[in-house]
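So, here's a batch of structures to check.
What follows is subunit A paired twice: with subunit B in the first complex and subunit C in the second.
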Partner chain A sequence: QKVSVEVLEHLEHLALVDFRDAEGVQRLQKAIQFADQLHEVNTDGVEPMDSVLEDRWCLYLREDDVTEGNCTKELLENAREKVEEYFVAPPGNIPLPKLEERETFLQGS
Partner chain B sequence: AALSRGLRSQVSAALKEGRVAPTELCQRCLALIKSTKFLNAYITVAEETALKQAEESEERYKRGQPLGILDGIPIAIKDNFNTAGIETTCASNMLKGYISPYNATVVQKLLDQGAVLLGKTNLDEFAMGSGSTDGVFGPVRNPWSYSKQYKEKSVPKSHPEDEESNWVITGGSSGGSAAAVASFTCFAALGSDTGGSTRNPAAHCGVVGLKPTYGLISRHGLIPLVNSMDVPGILTRCVDDAAVLLGSLAGHDPKDSTTIQDDFKPFELLNLTDVSKLSIGIPKEYHAPGLSSEILALWSKAADLFKNAGAKVVEVSLPHTPYSIVCYHVLCTAEVASNMARFDGLEYGHRSDMKDSTESLYAATRREGFNDVVRGRILSGNYFLLKQNYEKYFVKAQKVRRLIANDFVKVFRSGVDILLTPTTLRDAAPYTEFIQEDNRTRSAQDDILTQAANMAGLPAISVPTALSERGLPVGLQFIGRSFQEKQLLTVAKWFEKQVQFPVIQLEEVKRHDSDVFQHQKSASFS
Partner chain C sequence: VLNRRCVEAAVMTGLALNCSINKKSLFDRKHYFYADLPAGYQITQQRVPIAVNGSLSYSLCIDNKMSQMVTKTVRIKQIQLEQDSGKSLHDDTRSQTLVDLNRAGVGLMEVVMEPDMCCGEEAAAAVRELQLILQTLGSSQAVMAEGQLRVDANVSVHHPGEPYGVRTEVKNINSIRFLAKAIDYEIQRQIEELENGGTILNETRAFDSKLGCTVPMRDKEGKQDYRFMPEPNLPPLILYDAKSLPANMNHQQVINIDWIHERLPDLPSVKRKKLVEQYGILPEHSFTLLNEDGLAEFFESVVKQTQMKPKKVIGWILKDLLSYLKQHSLTVKESPVSSFVLADLLNLLEKKEISSTAAKQVLAELWKGEGKTPLEIVKEQKLELLQDQKELEQICQAVIDGHENEVIMMVLG
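So, the complex of A and B:
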């Protein structure tokens, strides 16, 4: 069962990472095939496990007290583009070009 | 000579008594790092800061006020831990040039105890891999490739070129850390362990690799791969040292809410003399397809060792073991898909020149920053998390995870104290052979014996056992009950004493292959 081009394109869009070439797509196909082995296991009545520490219930809430911070300068240091205390991003709300418009290897498949 | 001895008994004592100075120790390690550069174990060597830390340690020793056993001890850190002021790359183009603004909790703890941070070690990109071959700075070479033991058994006595291409991998993903410890450039190193990334290279490099119980050591500052399985790993030359490191790192961290709140009491390991009350379980499913006959024999011999010493040795079953690697594959890629989403080029790391839109910036940045392995896992993970696949794959894997964890619970409840298994299927492969298969295939093969312990969150340790026919290290693994590191390490220490694993005899490398390592610095975007 091959993954459809629509799903491949959808994945590229969700992940914002591209398959790049046929090998990339093959890799996904093999990964799915590998994962399909899971269906051999009978999991009737089994609850999914989120964390091995579920019995200990570590995830707690702490008091809403400010204990650290004021490190704007340090945090901005690693950003390549910034203006005053802002990270700069290109305009948002512009979707990635559609498949037909994009230069992507998937067009060929 | 001091370099090959245990921390507590030898080096710390030497420092305390003034027989060796911290600065001297530091300089010797730095010199050794330089002369073993061909191993490519280190990505960054923090020479200046290390020497400064050594000087400060020396002052403390002069005043008779050392901070503890680790004061002045040179340590290396895997390059996926944040280290303030020092580049942290995760061996990826995505983080080249990223200078951490903070120390990971484990790093801070080491520094607070006076440890000397020599540098950051090499790994597979973002800790994804089992060979330490897939990072942008190139592969790590196993120091044993240059040992007398390996050369006598495996290298044809002909041309130097043959010798050059015969080198073996360290295993991974914490290969740099394992190589650093094995080649004596440091006394201990931090790795990380998500599917076996500390134990696997430990076994291949002939060092001790400890994976603590999930929740015991803080992950704050460890760049995450799989939040529900990652743990910081400890690599040392002997079990006692691992206990020392564990003692200084374990404990609740308010900055990591997945650390348990119970008090942790550091312990010193006693010398076990009577093993008659011990019950060792041998899980039959760990006789996995592909296990070399050599390792099978060693495993058997080890079981006999315990039996002859009076311990109860029983065969047990962990029936879901064969599905552990598949389960891991789904859960890992799913969590990776989520964790890697933070890399968008805006706040830190690589940023593409693309300016058309936010989304195209993200897409271009990620295409340029991640290698095929990382991108592959992100895409797979996203596939398994699609609405139409969520129940079928992700939730299903979570259910299988519970079954795997329950297997262990049942076995430990039946009276077994410790499980004994092999760590790897075979000894270290030559690099040229290893790269014949892709990363995912290799990881699936190599993690098979180590992965389940991460699934269940259990502590596990690989102890160097013997040399293979090719003259390379083989390690065996002990898996213990949750938070019972003391028992686990006590048994491991007893075993270590019985097997008397040989010291590596590193030959001097006469040629300086500086051009071979040019690629270290100029790795191009893939």
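So, the complex of A and C:
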């Protein structure tokens, strides 16, 4: 079963990945095939597993003790642009260039 | 890592809203790209939230008359724990967005309601009651203007008997007043659109409080695909009750639903009932008392310090005190007249040392907050009621003598 161009484009948009060439798409198809093997197991009436540790894996509930912080300066060093203590971002998400404008394998499909 | 306080707050709120608490709830990742979500996903509870199937009762005045109140209920679909994103400030003039990440990752409770409400007024009343409940529980200060309580309204219209229409989501609502306005505007907009042969898009719109209308929001066109997946770093959240309490676990790691239930404070609806039963005031009075922060406590304090019956005291609280505070935009805490001083004044009235008109005059003077006692003002302005029978007779006789003609007219009928 091949993955359709629509699905590939949708995935590129959602995850910002670039399948780039036929080999990339092939790898994706193989990965899906590999994962599909899970369907061969009959899981009727079996609750999905959260972890191999089962009930022994407990969610740790933390108290509200302040143990770190006050590192504004270091955090803001990560910013390419800043205004006072704000990170600067474009006004909205910059849309992915349309299929025709991208250099991608999917163009040829 | 999840903090304990979040879970306690969610359980308390779930219990207060008559929900079933899920003893096992799960965490998921919701993926989308936005500048205020640096990780590219938000941790939420999409599959199994912490609480489900509750209800919230609220009251409305019919025809704006406080004396006719009707009780309505809205079903609570679920309460889920999730992470907050950062805060975006849009700077359209410079074509940029400023992002403050201080609140990113902080725990939130999302309360999802069923579409049981039919207009802005109902939604506003329901949210107001929710606000009071949250404040009573201590789950949140729930001040909308500060973003402590955020409300997104989902609106759709349909003809009676037909299925629900396409809904739009309205965001950027900063007060309960605006909530009602935004919803009523959106209902009208959708009706007009449909009557003109148009269709409603399943979109997200923002409320513009200056223009009083909703506008489509950028970046929220079309249906989002969030690619939900179980959060790999957080195991299931397990809650216990008296029966299932584990023997060998660290206390600090155990949350007992029954223990929390036993310690829930009186909810607003219960407080109102108690006020009505204890003091013989009307239900609508109890609503007003609870609607103003500190007013119920003020009222009870005055009642304790005066012989005047609560049914009479309430009039002074709701008419004289409250209207003055409102006129001067003061909170109860900021009142220049304390409960002690007001009780003092009402005692003078109750003992018939002054008339009701005189009492209002004294109160007007007391608002100045000059520190004079009611008795001092009464003496200053000579407002004492004459108790001496003889003196009264003399005055009446003098009046009658001075107005012979009018007296003759009256006697003749």
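Here is the rule we go by: the second predicted complex is superposed on the first by the 85 of 109 C-alpha atoms of A that agree within 3 Å, B and C clash if a C-alpha of one lies under 4 Å from a C-alpha of the other, contacts with A are read in each partner's own complex, and residues count from 1 in each chain.
Following the convention adopted for this analysis, a contact is a pair of C-beta atoms (placed from the backbone, for glycine too) under 8 Å apart; a residue touches a chain by one contact, two chains touch by 3 or more.
On a predicted model such as this, the values are computed, not experimentally measured, just so you know.
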First, second, both or neither for A:F34, with subunit B first and subunit C second: first
First (subunit B), second (subunit C), both or neither touched by A:L16: both
First (subunit B), second (subunit C), both or neither touched by A:S51: both
Subunit A residues touched by each partner, larger count belonging to subunit B or subunit C: B
First (subunit B), second (subunit C), both or neither touched by A:V5: neither
Contacts of A:L59 with subunit B and subunit C, given as first, second, both or neither: both
Touched partner set for A:V83, first subunit B, second subunit C, both or neither: second
Shared contact residues on subunit A - subunit B and subunit C: 10, 14-16, 50-51, 53, 58-60, 62, 75, 87-93
Of all residues in subunit A, those that touch subunit B in their complex: 3, 7, 10-12, 14-20, 23-24, 27-28, 30-32, 34-35, 37-41, 43, 46-53, 56, 58-60, 62, 71, 74-75, 77-81, 87-96
Subunit A-facing residues of subunit B, complex: 98-99, 101-102, 214-215, 228, 254, 257-261, 320, 323, 326-327, 329-330, 333, 337, 344-349, 351, 354-363, 366-367, 370, 372, 375-376, 378-380, 382-384, 386, 392-393, 395-403, 405, 438, 440, 444, 456-457, 482
Contacting residues of subunit C [partner subunit A, same complex]: 1-5, 7, 26, 31, 33-35, 88-92, 95-101, 218-219, 225, 227, 230, 234-238, 252-253, 255
Sites on subunit A touched by subunit C in the complex: 10, 14-16, 50-51, 53, 57-64, 75, 83, 85-93
